């Protein structure tokens, strides 16, 4: 199975915070970088996300902004 | 200046492809990972993006999907 | 492999228009509905998308607006 | 009134979950498909969304990823 | 017809640049502010967008980042 | 520091609602217009956002839809 999203970064789930309908998941990608994803709580439960899970962060190319000094 | 986006990844511009109104920029973040961003050609020109530029890829937490085996 | 995106709709690629760096793909989901996706040309080539391909349209829950009369 | 979003799918609101500031709305589009949308609770209240409401799910073409086996 | 997007800003189309599959539209919202939107060329043609058209820029709340000095 | 996002609108924070993991921030941009942004609660705390703060709302060009009568 391949996905059109140009960006897939391997990482490990470090922390999950569940709100009532939204959740925030912290993914450690390469020491010491951490990605933060906000998604539905349902998605977190449906994937049975737990700290320590190996996951991939998937980001569509149109969603990346560029910052330059 | 601080930005609310939870994800800022340092990298170096590796390649720029300009279309008529859109452009695609490849950012090397950590060997051998490459991020791909699609944005307006105007933005690329306005930031004067060139290969070798140090930049940050900025991604809002709501834009990150999670993939799990 | 499971993805956090709450929305995955099966369909068939009906038409592909390639621009210089962007592409537009038409996906027939259920007669006569057609979804339209804009993505990088690179993604279209990397997945080797052709008319007639069975695909899934994947949409994160935060990206859906609701319209009501 | 016309909107630039390429994707408008008719459906019926099946379920609404309200969090403190976010809400998740389930839209039945064609048996047995269900779309999931996450939006502000304010939007849900402002449109007076109720189960059984006829709505349209609106998705911009840049927000659709493609998955292929 | 009401839309869940929290942000609707009235403006006037100032300039349209058409690429092969994407287009960029400049919308003047209040002197001298200009919004820039990138969308499919098809959407521009479907709405028959022309310079001088009165339009509304529609932005979902999850798509707005905040920058602070 | 420059950002690729084509749209940066100056405003003042009017109201902040914090949910468990998400927050909604109201930004007054020009009397009487108000922008609404949904982001992680963490971002709101990290930027130490308070009512009265001068901020910029940042919006990528791919995230703006156009509505026409």
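We just call them A, B, C, D, E and F in the order they show up, numbering each chain from 1.
We take it that a contact is a pair of C-beta atoms (placed from the backbone, for glycine too) under 8 Å apart; a residue touches a chain by one contact, two chains touch by 3 or more.
These numbers come from a predicted model, not from an experiment.
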Size of the rotation, in steps of 5 degrees, that lays the CA trace of subunit B over subunit E: 120
Chain whose average C-alpha position is farthest from subunit C's own: F
Option reproducing the contacts of A-D, where over half of them reappear, out of E-F, C-D or A-F: A-F
Subunit B-subunit D separation of Cα centroids, rounded to whole Å: 29
Whole-Å gap separating subunit B and subunit F, where each centre is the average of the chain's CA atoms: 21
For subunit D paired with subunit F, centre-to-centre distance based on mean C-alpha positions, whole Å: 22
Residues within subunit E bordering two or more other chains: 1-6, 19-20, 22, 24, 36-40, 42-43, 47, 58, 60-63, 65-69
Subunit F residues within the subunit E interface of the complex: 3, 5-9, 24-25, 27, 30, 33, 35-39, 43, 47, 49, 53-69
Residue ranges of subunit D touching subunit E (in the complex, touch as defined): 1-6, 37-40, 42-44, 46-47, 58, 60-62
Subunit B contact footprint on subunit E (complex, rising order): 17-20, 22-24, 36, 38, 62-63, 65-69
